[in-house]
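Here is the structure we will look at.
Chain lettering (A, B, C and D) follows the sequence in which the chains are written, and residue indices restart at 1 in each chain.
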């Protein structure tokens, strides 16, 4: 064990495989979502096809919301492993639990896409979706707290940065909790909420400023 | 060949690709399982949808059991490659055999999910499932024994740790062997057994202690 | 942050995960395309089977065009990350946007394969396909411009090489824009255009010269 | 370009991404094959289920043959990249062509599985399958020859090893060529031939000797 600590390659290797498996699951889960977008079967004119595609808006909505959410969870996961100095088997297991939830997400996504327009059952679909997001963020947050507790983070990590990361994970947790409750009463508001969180996470203000600057000046 | 030994990058590269392909197959196999969870087609009320989702419990059970088992096999695979110093083509081939079994697992998972509730045929499904798990662990164990035999492990590896790993792989082997036999007589007991092994592997006692400690004290 | 700059492993790690997730999504998207090639169901003779397979030419066309286009986008992505020195969260997010578009591509591919032979609706399918390619290249181009603007590229990068890369991304953008417009009037010409761009990107003149040289001389 | 040569990280990075994308495509293609194994729908007794599963033997055969062949191609790919010192865009493109063929393989696999038992059309299916394998090995072989020609291999590579690798790729090429021709006359012999090549590639004599040694002696 003492020998272990000396060899940097041995210490970081389990982290590399944790990252590789995670990136694989994130990539597959994110890409499988497209399989649920079905091509309209029998459209004989342009109007019909456009109308049939437009009718599938819940599918596209679910696709974008879930993709963005998985993307945001990946950003959080990324920030965490960036601070990891070594990995013990508990963190590998906790990570598997995170991946179980990520890989499960395509199912509630399909559920919402199929039921969001059917009043009477949309509440069930939206609640299951929200709970999956909530638990995913909760387990990711637990993974980070465990890493801190078990002193698995780099000794040179900035205390400020570390507490900042904890704070960044918490509002997601709070936001999803509120939206799950809201969804019990007004499901569509919760879906819009998940969409707005997703948009906010995917399109940072930083970038908008950059694009605006480029558009006003011809060449940077 | 002697030159080969001098260059550390050349020596470890085949291990890195072995790990990359394996992590890819593990990630895809683990994530494909979700495709077998189908969204109930025509639920007109909340009750109907909840009932339809609840009716699919064998699907969720199969999902969690198989995910956890693949996860546990990944932990074992991880522990093995952690000790590897170099890879020969035999170990690359043995590893392909492990991956063949891992990638096959979604099929018996679907079989169990479809037949576990149908008395008369559930024994066949459960036995095929169990045999797949048993052979997977057996081949993984063979891979480890071969690595030891062919002296592919790091020279600085602790003898104690090495024999510990061999021991960790063996009870899985024994447990699956017993459950396959039990499944021939009482299939449902074997399924519960696979589930308990999976739960035990995924949720370590270590973590439970940590969560309990966190809950009793407000801040760590 | 200043400490950050000192540690090269910390600086390059986010790039490595960006690359890993991207390679995963590229690999899955590229491979999922094959799922849309269906095996003809009831061919009783060789002639029937050959005819049925030949009838599916739009599927193979879509497969090759989309595979090549994703491949070309990967080449561009590759060239960009090759110059990256560090990654900020904006570039990670922009990259997620690129991946969203890549992972979406199998859907318009199916759309084109299903509708390219049905006059009346093929224009809609081809336009959606072209817009997806156009936006993908535009976002990839934006990512590169942002990386330049935010000074995320290696300080030792050759100015000439850098401006060459910007130029290499631009004609793709222009070509797709022209083809989207052309597709509004003559859809089949746009499809052939996407195919030619794809062929050009996949089979470089360089290689043709090499093969020709090999064929004229018996042994190199 | 001269600067380029100095920085080892820059030189090897494109190879790493080439490997990462390839491992991803190999992993996904290999794992997607399982989706074609369908669970028998309505088996009411053990006998029925066993019979229904046994009836699907062409599916399992196709699964094992294709998995092993992809695995063998991965071994060859692995051996090639092991010698690569740097990557130019031609080799990246040639590699994409290899991946196009690998990712396509699930389609002819399904074709063979569906038609191998239907006399009258099995010849078409088997020939398409064989041609895909043949072209895959041919392109992989071309990639290796190009790497030699363009001097992309490590300067310290052993000449003997290099010519050995070329030889290892050639018999595969010859074997598949013979089997494609044989398949035009006796399709089932070609399938058995592909199966035997696959078995030979996956289960090395080396390992059999090791297992036999273990069985004769109780403990190594």
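As a convention for this text, a contact is a pair of C-beta atoms (placed from the backbone, for glycine too) under 8 Å apart; a residue touches a chain by one contact, two chains touch by 3 or more.
The model shown is predicted, which means the values in this text are computed figures rather than measured ones.
**Q** Would the interface of chain B with chain D count as same or different, where same needs over half of all numbers used to appear in both copies?
**A** Copies use mostly different positions to touch.
**Q** Using only Cα atoms, superpose chain A on chain C and state the rotation angle in degrees, rounded to the nearest 5.
**A** Going from chain A to chain C via C-alpha fit gives 90 degrees.
**Q** Round to the nearest whole Å and give the separation of the Cα centres of chain B and chain D.
**A** Each chain reduced to its C-alpha mean, chain B and chain D end up 24 Å apart.
**Q** Using CA atom averages as chain centres, what separation in Å is found between chain A and chain D?
**A** Computed from C-alpha means, the inter-chain centre distance equals 34 Å.
**Q** Which residue numbers or ranges of chain C touch two or more of the other chains?
**A** Correct list: 20, 23-24, 27-28, 32, 35.
**Q** Help me check something: in the complex, which residues belonging to chain A touch chain B?
**A** Residues 1, 3, 7, 10, 13-14, 16-17, 20-21, 23-25, 27-29, 32, 35, 89-90, 92-94, 96-97, 99-100, 103-104, 106-107, 110-111, 114-115, 118, 120-121, 123-125, 128, 142, 145-146, 148-150 of chain A touch chain B in their complex.
**Q** Where on chain B is chain A touching in the complex?
**A** Going by the criterion above, the answer is residues 19-20, 23-24, 26-28, 30-35, 37, 39, 43-46, 48-50, 53, 63-64, 67-68, 71, 74-75, 78, 81-82, 154, 156, 158, 201-204, 206-207, 210-211, 214, 220.
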